[in-house]
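Chain nomenclature is as follows: A, B, C, D and E, assigned in order of appearance, with residue numbering initiated at 1 for each chain independently.
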Amino acid sequence: AQAESKELTVSAAISLKNAFEEIGRLYQAEQGVKVIFNVGASGDLLRQIAGGAPADVFASAAQKDMDEADRQGLIVSATRTDMAVNSVVLIVPAGAKTSVKSFGGLSAAAVKRIAIGNPKTVPAGRYAEEVFNYYRLLPAIRDKLVFAENVRQVLDYVSRGEVDAGVVYATDAAARPEEAKIAATAPEVSHKPVIYPIAVVKGTKNETPARAFIAFVMSPEGQKILHKYGFRTGK
Amino acid sequence: MGLQVRLKKKLNGFSLDSDWETGNELTVLFGFSGAGKSMTLQLIAGLLEPDEGRVVLEGTVYYDSATGVDVPPQSRPFGYVFQDLALFPHMTVIGNIIYGAPAVPKHDKMDRARDMVRSFKLAGLEDRYPHEISGGQRQRVAFARALIRQPRALLLDEPFSALDHPLRLGMRQFLRELRTDFNIPVVLVTHDLSEALMLADTMIVYSHGRIMQKGAPDAVMNNPVNDEVKLLVGSSAPEL
Amino acid sequence: MDESVFFSIRLSLQVAAVATALIVLTGLPVAYMLARKDFRGREVLDVICTIPLVLPPTVTGYYLIILFGRNGFIGKYLYALTGWSIMFTWYAAVLASYVVALPLLIKIARAAMESVDRSLVNASYTLGHSELSTALRVILPLAKRGIVAGTVLSFARAMGEFGATLMLAGNLPGKTDTMPLAIYSLAGSGEWSQAHGMVLLLTLLSGIFLYIANRYSRRII
Amino acid sequence: MDESVFFSIRLSLQVAAVATALIVLTGLPVAYMLARKDFRGREVLDVICTIPLVLPPTVTGYYLIILFGRNGFIGKYLYALTGWSIMFTWYAAVLASYVVALPLLIKIARAAMESVDRSLVNASYTLGHSELSTALRVILPLAKRGIVAGTVLSFARAMGEFGATLMLAGNLPGKTDTMPLAIYSLAGSGEWSQAHGMVLLLTLLSGIFLYIANRYSRRII
Amino acid sequence: MGLQVRLKKKLNGFSLDSDWETGNELTVLFGFSGAGKSMTLQLIAGLLEPDEGRVVLEGTVYYDSATGVDVPPQSRPFGYVFQDLALFPHMTVIGNIIYGAPAVPKHDKMDRARDMVRSFKLAGLEDRYPHEISGGQRQRVAFARALIRQPRALLLDEPFSALDHPLRLGMRQFLRELRTDFNIPVVLVTHDLSEALMLADTMIVYSHGRIMQKGAPDAVMNNPVNDEVKLLVGSSAPEL
């Protein structure tokens, strides 16, 4: 860890924060390059990069934003890799009286409010909609839906008992087990896979360490950490 | 009955100590600039709290440091014309005058205000704002505003200083009539000796916060108690 | 124009107007107290009134949920008594805007009231006007420029309130999606041309409102 | 205390202080113009100065990127000339706070300056004082309460600025993560107890600052 | 040379039309309340713009509607004592006085200010704020503030109205000395006839915005041109 005082800036979806920070520490120890994480909503990160933000790596929570980055020529297409998969889960408040046990249970009259991400802006919201469609629930529950501006807000609503249920990622649910419990996990067929892509930002001066970072994330070591935080990895 | 005043107040090196009473007559406070005349009026009106003393009007105690009575200024029935007028800049002439009569019934207000406008020769200026009238006109508005609610005593701090001679004579006449009509105590601060001589029943001469002399105006004129008073009242005729 | 856009406009104006009215009604007495009463903890109260300005609105929103949510410290009693919760209603948007914009009015009105000439207040008292009458007819009109500025800023802030509203009122299309929420949705989903349009609309609308407020307040002084 | 928390505190204070200083320096002349000069488009300028208050900060942030980003309308020339871009630097946080908090000072200072007694300004002129000297020594001090209130509000707003900062400055630990951003990161990754601690800290710190500002400004009047 | 003034101004129903000149002497503007005296001074000082006219001091044109000259008030060398004083409430007595001397070198300022404090009998009040002194003391501060920069002409709007008799005599004496020392035009507005008689070289009588009469004070006194002027100057002796 000498000579190179280089810093690598990784713009990452906020749901990756904890896992990436651990990966970053290891990477730094091994490669001697300091990693700084710029966490936020994937869409905002994309807009920053489009505006010329000096990010080296972009890790998105959805293919859509990465596709858009690709389309605008903001990333080095060849470096784009799918690094992790998340699951979509239904959560309910830990001490909930209404016993929702499955997605189907959402149509029960006792369930008054269901929080999901805003499908327009939040990928998790789009997945939730797909799951509802899969179960043909949407017409029955449309009036119960509350749109949150990010997954974390859904989690807040559920853990404070302001809504009766919510749809989030498995990794989010894992962050607050005392307050929100998982009632059901959506089957893989019910929605498009929740894939987290990663790529090197075009024009970066740190392309070599950037590629190395991606490689490190994809290495067994990196994948193990992602797995530890609730992501599914491998094929 | 009248007005009894006993006041002590120390402020920033200046100390006021005065004690006098007056019936339903006109008392002129006369004295050097900075002698404590305006402060006396402020203490009577309740805008400044005395360190010690007593203010009684018509048997009603408005302030008494001994018993702890301290009626707030808004409940003291004095009509007060301030030396610096303090007209409300956001109200017209007529607005200022009407504002002086909060307790007067609505339908009376306008009549009285019109009377005031006539008495104080303010006709035509009703809808002007204070900054749109002359200094003497402003002074008359302040007087009218203080008078309209028919106060039970008048405190006048140099109310005629900015008036021309004929107007001043008219106002003095008006004040004399007022006194006979209303029969209330009037306290008038003035630096004009001829005014004092013409109007005062009693003249109280202030110097450095103390009362030097008190008496009928010609008594004071003819027998000043000391050189200070002599200096103050000594030269009433125009000198060249 | 799209009906949902129209709804957002109406809702935004309604929320901002109600919040501003409440702010003026409750903020002026507080500002008056701060300006003219000498009580213990006056400056502390002033600081407390200013704090919502410092917190990121999302955080304010979170705390509002803790207070007023269905299971919140206050909200739970309300819910137990009435079966009603403010969460996810347009009242919540009003509450959020209120809390976030109130400091503006209080601080500005206080400063303006403190600048009113003491001798005019005294003059009013000696004319037999009560403290209330003096406050309403002398202090308020003379502090008017400040109060108008404070009201305009509060209204603008309420129009633009977003973070706390989002938390408390949710984003229920056709129910609580004020213009800022709608703009955020559009921008966040990359529908930029519509987002720009909406921003332009919000800007124009607020601009017109502010312009009228400026003009009007100038005339009545 | 955690070193990164310490960094956030220092950065927040630094950003808010610099932004507030710039706001006062540039806002007062604008407020003066608005208050005392009669020019075409005066009220329009006033409205434009208020607009950032109406927009959700994130949207303001988008527009700032469009203007000042490396590929932005202004930013691209800057980058071409100097190879430097403001994005992801702490200067960007200053810029964001500046834009978002400036309206507060301008509106309040304008109202305060307009309330200064015309005859005192005239008196200053007849004593041979230039317009500048009169502005500095008569209008400014007499509008002080308003200016202080505006400055305090701007500082508070700058301390709490989040949305626009996030867009323009990014959220880089040890570089641009002001307290509000740090709170966002903590809350976003579920570290609530730390987030609450940070909020408490931000509240306390701002409270102390505001308290001192109140006290101090009261003493020097 | 002196001061030449020709002014026309219509304002809200009131119309002023006056035309006079004066050498380096003392001119008293005398007249009814609301006659346009203060307005004349404001027009001369440039605080109000005439509809038409000309202001020339010592050959320098400060205003001329014909040629479009309009020097802003801050560049006109008049010392102006306002009828309502306009002291700066945020400056102390000494601060107000020093503020009147922007162009005086630093080291001179303090000396001059101390001279002023002495001349105007304000010793001991230097660090008070205007609201902490009496009406007459305020008036003297306003005078001192206008004088310290040694203006090239003086515009005095009832500068002695709130002073006691001895002080007024002293101030008149001071003003006379000032005039011989500085040799500048002085325009004095007063309602006090004895003051006018004592001080004026020329007396100009205003009524309703017009000049009724102009001349030496005893000439005006003894031969008033009409009843109005007679009324105004008619009763100089104290009457009872």
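The rule is simple: a contact is a pair of C-beta atoms (placed from the backbone, for glycine too) under 8 Å apart; a residue touches a chain by one contact, two chains touch by 3 or more.
Source: prediction; values computed, not measured.
Shared contacts of subunit C and subunit E, meaning chains that touch the two of them, come down to B, D. Under the touch definition stated at the top, subunit A and subunit B share these contacting partners: C. Ranked by separation of Cα centres from subunit D, the top chain is B. Chain centre most remote from that of subunit E: A (centre = mean of CA atoms).
Chains C-D form the pair joined by the most contacting C-beta pairs. Subunit A and subunit C have Cα centroids separated by 35 Å.
Annotation: 47 Å between the Cα-based centres of subunit D and subunit E. For this pair, subunit A with subunit D, the centres built from the Cα atoms lie 34 Å apart. Centroid to centroid, with C-alpha atoms defining each point, subunit A and subunit E lie 80 Å apart.
Annotation for subunit E: residues 84 touch two or more other chains.
Counting only residues that touch two or more partner chains, subunit C has 62, 119, 184.
Chain contacts: subunit A has residues 44 touching two or more partner chains. Contact annotation for chain pairs lists A-C, A-D, B-C, B-E, C-D, D-E, with touch applied as defined.
Within the complex formed with subunit E, the residues of subunit D that make contact are 117, 119-120, 122-131, 133-134, 137-138, 141-142, 144, 221. Chain contact summary for the complex, subunit B toward subunit E: residues 12-13, 31-35, 38-39, 83-84, 124, 128, 132-137, 140, 157-158, 161-169, 191, 193-194, 197-198, 231-240. Per the touch definition, subunit D reaches subunit A in the complex via residues 58, 62, 65-66, 69-72, 75-76, 79, 85, 87-88, 166-167, 170-175, 185, 187-190, 192. Residue ranges of subunit D in contact with subunit C, taken from their complex: 43-44, 46-48, 50-51, 53-59, 62, 103-104, 107-108, 110-112, 114-115, 145-146, 148-150, 152-153, 156-157, 159-160, 162-163, 180, 183-184, 187, 199, 202-203, 206-207, 210-211, 214-215. Of all the residues in subunit A, the ones that touch subunit D in their complex are 9, 11, 14, 17-18, 36-40, 44, 47-48, 50-55, 150, 152, 155, 172, 175-176.
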